[in-house]
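Take a look at the structures below.
One chain, chain A, appears in both complexes that follow, with chain B as partner in the first and chain C in the second.
What follows is the complex of A and B.
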């Protein structure tokens, strides 16, 4: 080889690449093989932590939607729970039931996006269309429940919920769950090409997954049975009967399979709760939506299991209506920087999108 | 597995499309949808609670001359800044501001729509 020539090529995957989603990776190649990958985040930074210091609790509940576009309800819940713990607000059993149903529906629609994106990364565009089509049934439900298809505008708020459930919604939810089961049956008809493109690709061994800080489905696909819903139950998860799907291989295909099994578990959870919603207030009687209150001079760190892994919020109050400091910890930060850089090393160019999307990333919750 | 797709293809021939031709027909929008605002100036007290609660500072109080010559303060909503959270609707003591089911609110001239 000529000595003047570089021994490697350098190029960017993203941020304008349709398969990368507002995130970029700097990649060094020799031939078809990646020798080094460096994550380059920051294209979606909106400064939530600073914005929240200038807003009161209700405004922050609305803002907490926007942390992750794919699952606003889950982030609503984390923020609401943190404020409730900080100020000792009680939530009725009814609100807790509805919250869990909504968060599990949100998990299903988030996993559907995941399969859509992963199918598209393997060149299987029909999968993308099926997933996004079926996701729309859930979005219609959200629109009836919260008033917005994607953004619920703080529907899950400190103290309960912003408004009452519409009538006869249980039947509609059951119908939608039937449709989702149909979609899952389509995904289970294994496409041979999809299998070839994902099996044995991007293998993350258990010790690496723990060392690099993977959480959620990525960790469970590597073989560790760990979930905040089981280890530190919040809301009413301790009363619900559900399993944690765990696989051992740790490749892109196992991650896909874990997500598929998790959707089935979510459907099981919702079906258990639907007929048992107790009567009661949807919002704590001492509170009124929009009427602000002071946060005590205390701090709290609270974590939840959202679709992509472990999400957490830290809030510190200072006897005023606005928090003094807010810190948001999204699961995608660790998945997109250490885990992705580790997995891409030694991979082939064609496998970059598959590895990227098999981690179920959301650049929005990472850049914040 | 290869031929499973053929009966499905035939079944799809008899299905209606899920999409509709938008301005002529529209999908049903559920009650409680957070769309364009409806503002009733007669009901408004001018208390300014909506201005305080708005997370995006999309509402400001302006002075409007009434028919009888008096000047009254009332909110002016800038739709461009609005995030349609509906907090103004929640805090309004007289329900002068409501969010409606109306979706298409872009001006034909491309002007910034303002509700006053």
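What follows is the complex of A and C.
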């Protein structure tokens, strides 16, 4: 094997590997064991932070979709909230309710992608088909609500929402939630092989999780009860009754389990809100979509809990229509570089895809 | 919390810029940055959220903003510090907050700031990038693309040179 008498072999996991997305890891192996892993990001670097300095608020609201392919609505919301706080725009209660419903739906569909990819990584391809099949019900809802299946084109915009809710959508959402509950019951069936492939694999202890900057489901699977929705409630999360699932083991299986329980909580949240959507404007009356306004010479740092962890933006205005500087912090930036490098060291080759997908990664929000 | 802020002010000469909801914005000198970070880490600020940089051409500085959170107190601290644009060097906080290492590596690549003591400042997103740090305000990417990829002599590409 080792023709040039090296003590290790080197190979790339990704970027064309079907299980890795647009991202690669340089891996050094001795025998079956990984001795060093180095993340190699940049395949999706589109320079959004710089691009946003050349675009006005409404253009940026649409651009914020593209930060993460798996959950554009969540990034829409972060950007809209940041602009609202900067310029003191008020949002009606109705818009807030709809925003939370949409973001939680987006969390569920993002978790479904996660489980599909994770089950594919453990060699169970049917799981991928089931998850993506059920995710499509939510995409149909998005299409009816926002006009786009994947990308809402800035549906959640500064000041509220772009369009009124379609009529009788509540019944449709409830029906879809029923379908998702069925999907969850499939994922809850304990498959022994899935257990063997994930239990005790990729253990991330709590002190390492905090040290390396893990957030969201990854952090909660390591045992810290922490969620921006609870600790610093935004929108109307302070009025909603929901639990934070926390597990202690910190392995791939716990991360999967936390995600599964989170989906149930999201369904609970949506069901609480559906019948109570108040009447009111969907968009602040002082605003008109497309009519630009100046950002004040102020700055803001705003965090939200999105499906993969803590997403944040820093926006600085300069009394002009375009922001002076935008910084986007995606949770996968930390999950895919320091955390992944740490977890892969000492792992077996066959576990690389399992560890990778158990972190719920999105290369798009890492590269930006 | 107010105790902590007044202590930081007294000990390290920090300037308190403002308070909004559960976030404080303070400004410290670059010499005191490490000491402030050490001090607040002992006071439960153990989660490093992010690091932003702003290039301010008029003042000839690069402003670095460290966003650090305390999960226990549910409070965020945004620490600002300024460095010179010509010699953008600052001590790395990666020994105190390990996760800041990757943020510093990113800022190094995009803004050219050198973080002294950071173990790995190799290229991150931009493989084999020959140009200047691309996120600096002085870097005109439109001009860069025109000069690098288009030619005035080409009929189809002439339009790129018209408006500016």
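We adopt the following convention: the second predicted complex is superposed on the first by the 364 of 368 C-alpha atoms of A that agree within 3 Å, B and C clash if a C-alpha of one lies under 4 Å from a C-alpha of the other, contacts with A are read in each partner's own complex, and residues count from 1 in each chain.
Just so it is clear, a contact is a pair of C-beta atoms (placed from the backbone, for glycine too) under 8 Å apart; a residue touches a chain by one contact, two chains touch by 3 or more.
None of the values given here were measured: they were computed from a predicted structure.
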item	value
First, second, both or neither for A:169, with chain B first and chain C second	neither
Chain A: partner with more touched residues, chain B or chain C	C
Chain B versus chain C as contact partner of A:349, first or second or both or neither	neither
Which superposed partner A:260 touches (first chain B, second chain C, both, neither)	neither
Touching partner for A:314 - first (chain B), second (chain C), both, neither	second
First (chain B), second (chain C), both or neither touched by A:29	neither
Contact residues common to both interfaces of chain A (with chain B and with chain C)	none
In the complex with chain C, residue positions of chain A that touch it	41-42, 45, 47, 49-50, 210-213, 224, 226, 231-232, 301, 303, 310, 312, 314, 316, 324-325, 327, 329, 333-334, 337-338, 367
Partner chain B, residues of chain A touching it in the complex	55, 58-59, 62-63, 133, 143-144, 147-148, 151, 153-154, 162-163, 166, 189, 288-291
Touching residues on chain B, where the partner in the complex is chain A	1, 4, 18, 29-34, 49, 53, 55, 83-87, 90-91, 99
Residue numbers on chain C that touch chain A, as the complex places them	21-23, 46-50, 52-55, 65, 67, 71, 74, 76, 78, 98-99, 101-102, 106, 110, 124-127, 134-135, 141
